[in-house]
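The same subunit A turns up in both complexes below, where it pairs with subunit B and then with subunit C.
The block that comes next holds the complex of A and B.
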């Protein structure tokens, strides 16, 4: 049984993957089975999400049990999770109470984290020269400065046209060329990863 | 006419996939793959290997973050590389007192990371080390995911963080947490904004296709080396095709 199950998993994965791939190229022939399989995958993903949330609750329940100073975060998380589940369960996912929870807690916390992110990025940019003191770091920082200065009107001066022209050129020529090079590598890597799973030599499903 | 072009497009796409598949199988099955693959040095992987050894000796933990990509679309590709890295880490740290911990922002990736840990420990014959709470879902939105993963970096005696998956700019918060914790951060993503942020914030950023070479560099098997060879060949084919296309367009032969 221990050997049969992984082989069965692999066979199911290879057959399903092949049908879904063929569905992209020949939607007329394989489109139906492709959408059915994707539909099943979406249902399974929803159950996986529930299991993930259950896992999150268990992790924090265990943390409360351990005697550490950081378990106050876990208490807050479990309490807010319980209250949110109750409120959304009663009010419904788009009910007024659910939206109140979302708009009053989730949105402000995420926006404040975005603000922290902006500060972190500025700090990291300033620290880059000590982290990697190379010529290309200087080039990177000069480019960032040029793009920033070319993107916003300056105090008392307004927009500087030459800087805007340089910004446009940087964004449209070298940046696009570099981005396409990176995306080419990412696309080939994704194809290779998908094919390894499709032929069953890579089995992330525990096969 | 449109139908013919669409069919031609599909056939060309399928031929491209078959070419890639053929090259992987060729290198996987031929004697070429048995010869040692000459890999260019990527500092991130050599530092990572050293850090894994140090973590085992020091009794510290490795943190593998798999991002918040959904496997139902393209973003899942990077997360699968993260799972390969997780497998290698779990094997390398099999003697350690503290097994690796993973965080992710998607339910399916969480289940797959639990499954990867389970099958790795099963194959090593150390199932008693498997703990499903070592593979955690930390949040479902980008910021919630980052906020949920940061305490793991701070509280779990992490010596090295490996970020491999789909991230956005929120990864800066995670790399910053690693920096504050004085732990090494090796990070790669399929997303361009995340790669730009990683260049600035990570100790060892993996740019472009470097993340996808992780399996070959960490010794995950002949299939990873074979697919790396395929990527090298197809990349050159595409580069030549792009250059020829640009020349033909410059000469106004192509519209």
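The block that comes next holds the complex of A and C.
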């Protein structure tokens, strides 16, 4: 059984991957099988999400049972989860009570985090030269200032066109060049990993 | 002729002498009478080939009228009588030695030779030979099996001095040297053992030469108790084997033994009381009687049976430590130290008011106060961005305006709620335009919070509708699509199977206008709202090909941080993204194109925030450089 199960997993993975790949090349022949397999995978992903929520609740429930650390955060999480489930279960996912909980708690919390991030970034930029300045430190600081000045019209000054042009160049040439390089590397790695899984050399599912 | 054995030197003396001719010890009082010539015959037990069981029954009775018995002292006779009474009165009980022998016989694997009795004789005989030679012999497995015939075992034990007397010391030493080469199979005799046996006058299987003295025959047939009672205890210095000379063999011509001369100093040292049979005897009535071994039946002697081989339960000792108070105190101190190691060390408390905290507070106040003032005052001091200068806004507007009234449009809400402040203006303007054209909105999301965001934005946008504000029902919220990339691929191929019902549990695909939708390319337009460039890339890769095939536009509303990565898809030829609104700048610009210029001071607040941020960074950097260039700070660094 210990030998049969890994081989079975490998066969299932290779056949499924091959049908999905062939569905791109021959959608008329393998399109139906591809759609069916994708539907199964989506169901598994949804079930994994439910498992993740259940596991989160179990972990914090055990944390409350343990007397070692302070468990106030776990109590808050489980209480919030229970109340939200009850409200959404009664009002529905798009009911007025559900939207009130969403707009009154989740949206302000996430927006506040980003606002604090903005203040912290400005403070870090101001203290960037506190230590001995290096050339790349100064380059980073100058780039930040140019992008900020070229993004929007300044208060009481208006738009500075040369700075906007510089900002566009910085965003579209150096920044995109680095990002595209990363994406190409990721794409090549994805192709190699996909081929290894398709031929059964790499078995992330075990075996 | 009956000789008398000298009690002192053990040599034979003529019966007519009163003193030993060797050591001048008195013979009449302590000497033993040697057996007569007619008794000097081979024992029928030893010479015949009878079985040991039969030999056991042939224990001869001691002759009461013999001179030997007459010479037994009274105290020894009394001891013998007491012992016989006790042994007859007691039922035969299993001694510990017998139990140990039984256990050994059980534990020992049954690898005994076909004739274990002969084998035992060989091994015992060989062991006695080697012991006399002073060399130990490893016990083969067969030696552990004792034969039940104790009589034969006793006879073999009695042969030890005889072997010694045979004078084959050299051969015994040779045999001791070859003991390591002993075969493990006791049934086969090695060559050296056969030679040794041939040279010896002792024959196995009970055979003895006829020249053996009768006194040994009598001793062999006696039980150990009788033997021990008949022999008076001799002093150790007399019973020393080295001082005993072997008796002359009958085969050899008898040579007259020269009388020994004892030096005067030895005569003076000789303990005459010890050899006197009539001397004071220790009271042994309270001592234990040996029950096994060659000394069985004797009282007050140390048993010759090795007690080490007895299976005894080892004594139990208490494992409780005796700890003093000082040691206990140190132990408690050690436990406290170990317990403290597991406790997390609290971070050193820092004062709340520090220069760093004051600087942070100043930055927050300087940054937030102008922005709040702009929002509260609703100022419009900053010029709004021109739509023509913002890439993608004009195309986006045109694509929306080209949509026919009432057609289905798919809108994906794939952004986090934290980006609501940046994206809400653009989303509200787009939704308002779509609602004004009575577009059927099909809402999906690949993030868990997307459906709630979509519902909330629909309600907000409906408030700014030109007709019937506050109510818009021409939409279907299909909810969350799990699976990430796979979910999008499933949505592209078969949206009906992936999302068959809306969040209100309605079969929206059976009603118009969604009943005409077979795949995603059947929608009139697809609008993606996201703040993540990777999510936008996945949509472009998975959904884009089908949309391009059908000529369906893909429009994206995104944040400023994702705009540089999405913009190449828009600027490429052919374009993979037909329209784009990026960030707050794009939202305000799009609002200007659709005639909605309500900003509520957000644009001014955004402009003030950027300007103040640049000023703070510049001033802070210059101040740091100046402070570091001061001589005092240089000395502090050095």
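Some points to look at:
Definition applied: the second predicted complex is superposed on the first by the 182 of 207 C-alpha atoms of A that agree within 3 Å, B and C clash if a C-alpha of one lies under 4 Å from a C-alpha of the other, contacts with A are read in each partner's own complex, and residues count from 1 in each chain.
What we mean here is this: a residue touches a chain if its C-beta (ideal position, glycine included) is under 8 Å from a C-beta of that chain, and two chains touch if they have at least 3 such contacts.
Just so it is clear, the model here is predicted, and its values are computed rather than measured.
By the touch criterion defined above, A:41 lies against subunit B and subunit C together after alignment on the C-alpha atoms of chain A. After overlaying the two complexes on the shared chain, residue contacts for A:113 are found with subunit B and with subunit C alike.
Judged by the touch definition given at the top, the superposed model places A:55 against subunit B, while subunit C stays out of reach. When the shared chain is aligned, subunit C comes close enough to touch A:154, but subunit B does not.
In the superposition on chain A, contact is made by A:184 with subunit B only, not with subunit C.
Look at A:130: by the touch rule set out above, it reaches subunit C but stays clear of subunit B. Of the two partner chains, neither subunit B nor subunit C is touched by A:4. Common to the subunit B and subunit C interfaces on subunit A are residues 38, 41-42, 45-46, 49, 106, 110, 113-114, 125, 128, 179, 183.
Note for the complex: subunit B touches subunit A at residues 10-11, 13-14, 17, 20-21, 24-25, 28, 70-72, 74, 77-78, 80-81, 83-84, 106-108, 110-112, 114-116, 118-119, 132-133, 135-138, 140-141, 143-144, 146-148, 151, 154-155, 169-170, 172-173, 175-176, 190, 192, 195, 197, 199-201, 203, 207-213, 215, 221, 223-224, 227-228, 230-231, 234-235, 238.
Taken together, the subunit A residues at the contact with subunit B in this complex read 21, 24-26, 38, 41-42, 44-53, 55-56, 58-59, 62, 68, 70, 73, 106, 109-110, 113-114, 116-117, 120-121, 124-125, 128, 131, 140, 179, 181-186, 188-199, 201-202, 204-207.
For subunit C in complex with subunit A, the touching residues are 359-360, 363-364, 367-368, 370, 381-383, 385, 416-421, 448-449, 451-453, 455-456, 459, 477, 479, 481-484, 486-487, 489-490, 493-494, 497-498, 503-504, 533, 537, 560, 563-565, 567-568, 585, 604, 606-611, 613-614, 616-621, 624-625, 628.
By the touch rule above, subunit A contacts subunit C in their complex via residues 31, 34-35, 38-39, 41-42, 45-46, 49, 92-94, 98-99, 102-103, 106-107, 110-111, 113-114, 118-119, 122-123, 125-130, 132-133, 141, 144-145, 148-149, 151-159, 171-172, 175-176, 179, 183.
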